[in-house]
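Each chain gets a letter, A, B, C and D, in the order it is written, and its residues are counted from 1.
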Amino acid sequence: MYQKKLGIIQYYFDEWALNRNIGTFSWLLHRLTGVILTIYLFAHILVVSSGLWGPESFNSWLKVVQTPLTHFLEIFLMICIGFHLLNGLRITIADFFLATKEHKAIFWVAGAIFALFMIVTLSVFLPRVFSH
Amino acid sequence: MLFHEVLVIGGGLAGLRAAIEIAKMGQEVAIISKIHPMRSHSGEAQGGINASLANVEKSKDDSKEKHWYDTVKGSDFLADQDASEILTASAPEAIFEMEHWGCPFSRTPEGKIAQRPFGGAGFPRTCYATDKTGLYLLQTVWEQNIKHNVKVYEEWVVLGLATEDGKCCGVILMDLRSGELVAMGANAVIFATGGIGRIYANTTNAITNTGFAISIPYWVGVPLKDMEFIQFHPTSLARTHILMTEGCRGEGGYLRNKDGERFMSKYVSEKVMELGPRDIVARSIQTEINEGRGFPDGTVHLDLTHLGAKKIMERLPGIRDICMNFIGIDPIYEPIPITPGTHYIMGGIDTDKNGQTPMEGFFAAGECACVSTHGANRLGGNSLLETVVFGWRAGEKAAESVKGKDKKAKTKALEDALKREQDNIQNFKKLSGKENPYKIKDELAEMMVKSFGLFRKEEDMKTGLDEIMKLKERFKNIRGAFGGKVFNLDLLSFYEIKANLDVAEVLAISAIARKETRGSHYRTDFNKRDDQNWLKHTIATYSPEGPQLSYKPVTITKFQPEERKY
Amino acid sequence: MVEFRIFRFDPEKNKEPEFKPYQFEPFKGMTILEGLYHILENMDSSLAFRSSCREAVCGSCAMHINGVYRLACKTQIQILKSPITIRPLSHLPIIKDLVVDLNPFFDRFREIKPYLIPKENPPEKEYLQSVEDREKIDDWLDCILCGACYGSCPVCAQDPKYLGPHALLKALRFVDDSRDGATRERVAFVTQNSGIFRCHTIFNCREVCPKDLDPTKAIAKLKWKSVFKKF
Amino acid sequence: MNQKQSFSSAYGWFIQRITGILLAFFLIVHINVLHFGEKFFIDFNMVTQRLEGSFLWAIFYIIFIPVVLFHGLNGIWGLVEDYRPSQGAQKTVKVLLWILGIVGTFYGILAITPFL
């Protein structure tokens, strides 16, 4: 008998290769964005906590993190938050209201909301990137 | 050497039901099945299971005796009436048992088991669970096997029987997964291997239903009974021959020819119409097609469009799924093209009413057995009933018969049989001819439809028999089987094709000998029933020169043969 | 002309699986299963696959065909783009070619006690069940145990102890059955570490189910019952 | 039916959904105010102006921080559980996550006090 050995990361690529559909796509992205956001959350707390050592400390830290690059990365952060939030709501709707049949429709509605959100985000964030 | 007190061969309804009974009686039992039990052909049964429960308004005058009479009349009086009586009398009990085990029958408004009308029955007495009754029954019975912890050898194929002094003492098996041959001893063996539909090309049966299983006991001397009686289901989907349940007509579907005419009025009374017994309806359809009133693709239409979406979705959802998947037609809006298809064999391994065959320690139940409750033509809904009732009885009898016997395998006989099968396999692998065995299988199947189909004629059948002999000759000159061990489908097919040829020969010789028309055996050259000469069962016994025929009287207890009119 | 690219693995010959191409002329209305039989009968007698009913009720022939888990018997060749890639079900050990070892799959199924545990002693006739009560279980009955959902579920790959969509669907079938008396035990059982809460609502099971069942919905329903103890 | 049942995962699942819904609200307010409302560059004074003396904002963050930490770390726990770690590893990870969560909550609330 033959069974393929699963690598911890390889596994996600395999599943995506064999199930290319909305469900798998959003599950994978949900995982990825979730992990990124949790890491960001801790970093965020650490940066803000610099205020404990006085306004100067806070301001100097903020200088470090407010560069064109980080501002650009903030757009990426918004993508993560937007997706994770909308997809989380989609799963919650399916779980709570047993709306499994409509999950694709909900996905596309969420996609439309996401697109709107991104238009607003870009219009605010892109100028910020180039204002340095 | 492996040993089990009772071995059940076949994991369909009859086999599983027998195993439960044996486990309940405290005997050790194992099931051997070529496929996983849930893949059995029983699961394809759609319409329902008969019992005179009198649960609906129209059937309140129904009784066991009326069910008995309908069964006997449907059989064209060839049924053994004591067996039919057992079948119909145990029916309510058997169905209540299934219900208690959890079978999700459809319900009447009062919460009782719902019943629908079926062909050849005086009252609506077919208990149903939408149009997937077989699947749900199979699930139920398998679940009970899980509960009783019955050992199942999945994907083990029986290749031969081991006998000693005319008694069955075990089987030779091939484990498909490893390809190893195994001898397994047993004090009793129950065969519940189902039908042989695949020797016909236009069959509604599963791919697994070949003539192989039934030929195994035949080769060691167990006689086959009434093999000429093959039931043709009136409504099978065009080309694929997937079953369209009799429930379609039971729920009020019409049969129409190309002029849109409900042609059944020409063949049976206005009261019965589409709900005649299967042999008559099938022949009527074939007559329409033969006389040019069918559609150009050789079909007539089964029209459900007038039933309305709600009724179809509620009562016949499976039929709708099949139509949409396989021919892209939605029966709510379009009629279904159908032709008759080979469906069921009334004959089989000769057994008495307890499933006991003439060989000691060897039992049979279900479609592969011929208790002869169905005689020359089975009524719809009686086959599921037969599997349950006679599976149960065979299990009970087998369990009783092994009580107090030695729990030891008869090594000598088993080893001989094992050697024989090993040689057989070696021979198959060593062959070096040119013929493709699958071509032989296909040609046989086509020929059977033509020569031993709905309408039979002496000369057609004779040429058919010649053809079988020629194919047998050609089979000796086939290519070798694939040499691998693991999951060797090719090797298994060789066995099956060889068996198909033998079973077809039995069928052909039995059919040629019976010079009358009875039930599903319709001869254009002898188109009258002949109770004087032919009110008897055909028994075919194996001999190296070919099957030897003898005859056995029919048991008649209550109902004297009369003209069969609908 | 159509090309099948079939996953081949013979434990007696190969160490690693490979894909082999087969080309033939299909007839109109030919299904993938008929194609596989055509190959077995005329081109390559070493091919192994499972089949039985050829009408989508036995569940033998679930496999991964052109990117989706489906039943070979009800998939028409003409709706697919050639070459058609055929793989066995995932997450299960491969015995040979397209034949997988379904034992892990059935073991999970057995764990949930898939049989009726009656509330009361059986009456003389049938248990009475109203049409409405029968309707409640109607959506959960048709499972043919083909394994498509198990193969498509990413959780089943990671966690071989995970009960799987098929077993959880069956559990709900008994939980919702008005005749069954073991509801509390059943819900408690599926609330185990490898039970319903390993489901991440990926929807693959309902997308691939050849009988159009909805295991995702069944699991969601069980989650509700588990959290609010509403039996 | 002998396997150990764990109703804690049932509540875990439920609370994950509830905190998720709460977070949707919190995040929209938080991000709207900070990233869309504020000027391009933030410094200590700007934040203090907004938060100083505002009882509502204090409550907002005191709820927001534990909720977001629970949601994040419970999510990580779900991911870890998928890999079926051994009993010992499960315990270790669980303790680690709880410590991270509790410390994070206190430290996070502490971190906003200078602005109040």
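Rule of thumb we're sticking to: contacts are C-beta pairs under 8 Å (C-beta built on N, C-alpha and C of every residue); 3 or more make two chains touch, one makes a residue touch a chain.
Because the structure is a prediction, the values reported are computed rather than measured.
Participant: Moving only to chains each one touches, count the minimum steps from subunit A until you reach subunit D.
Facilitator: 1
Participant: Which chain lies at the heart of the structure, taking centres as C-alpha averages?
Facilitator: Per-chain C-alpha centroids ranked by distance to the global centroid put C first.
Participant: Counting C-beta pairs in contact, which chain pair ranks first?
Facilitator: The chain pair sharing the largest number of C-beta contacts is B-C.
Participant: Approximately how many whole Å separate the CA-defined centres of subunit B and subunit D?
Facilitator: 65
Participant: Starting from the mean Cα coordinates of subunit C and subunit D, work out the distance between those two points in Å.
Facilitator: 38
Participant: When the centre of a chain is set as the mean of its C-alpha atoms, what distance in Å lies between subunit A and subunit B?
Facilitator: That pair's centroid distance is 60 Å.
Participant: For subunit A versus subunit C, what separation do you get between their C-alpha means, in angstrom?
Facilitator: Result: the chain centres lie 33 Å from each other.
Participant: Could you list which residues of subunit A touch at least two other chains?
Facilitator: Expected reply: 95-96.
Participant: Would you give the residues of subunit C that are in contact with at least 2 other chains, written as numbers and ranges?
Facilitator: Only 11, 95, 101, 113, 158, 200, 223 qualify.
Participant: Can you name every chain pair that touches?
Facilitator: Taking the chains two at a time, the touching pairs are A-C, A-D, B-C, C-D.
Participant: Taking the touch rule as given, give the residues of subunit C at its contact with subunit A in the complex, in rising order.
Facilitator: 9, 11, 17, 64, 67, 87, 90, 92-95, 101, 152, 154, 157-158, 200-204, 206-207, 214, 216-217, 220-221, 223-224
Participant: In the complex, go through subunit D and note every residue touching subunit C.
Facilitator: Touching subunit C: residues 1, 3-7, 9-14, 78, 81-84 of subunit D.
Participant: Quick check on the complex: what are the subunit D residues that touch subunit A?
Facilitator: Spelled out, the residues of subunit D in touch with subunit A are 17, 20-21, 23-24, 27, 31, 35-36, 40-45, 47, 65, 68-69, 72-73, 75-76, 79, 83, 104, 107-108, 110-115.
Participant: Mind listing the subunit A positions that touch subunit D in their complex?
Facilitator: Contact set of subunit A toward subunit D: 8, 31, 34-35, 37-38, 41-42, 45, 48-49, 51-52, 54-55, 58-59, 62, 66, 74, 78, 81, 85, 88-89, 92, 95-96, 120, 124-125, 128, 131.
Participant: Mind pulling up the subunit C residues that touch subunit B in the complex?
Facilitator: Listed in rising order, the residues are 10-13, 29, 40-42, 45-60, 74, 95-97, 99, 101-102, 106, 110, 113-116, 118, 122, 124-131, 133-134, 137-138, 141-142, 144-145, 174, 177, 179-180, 211-212.
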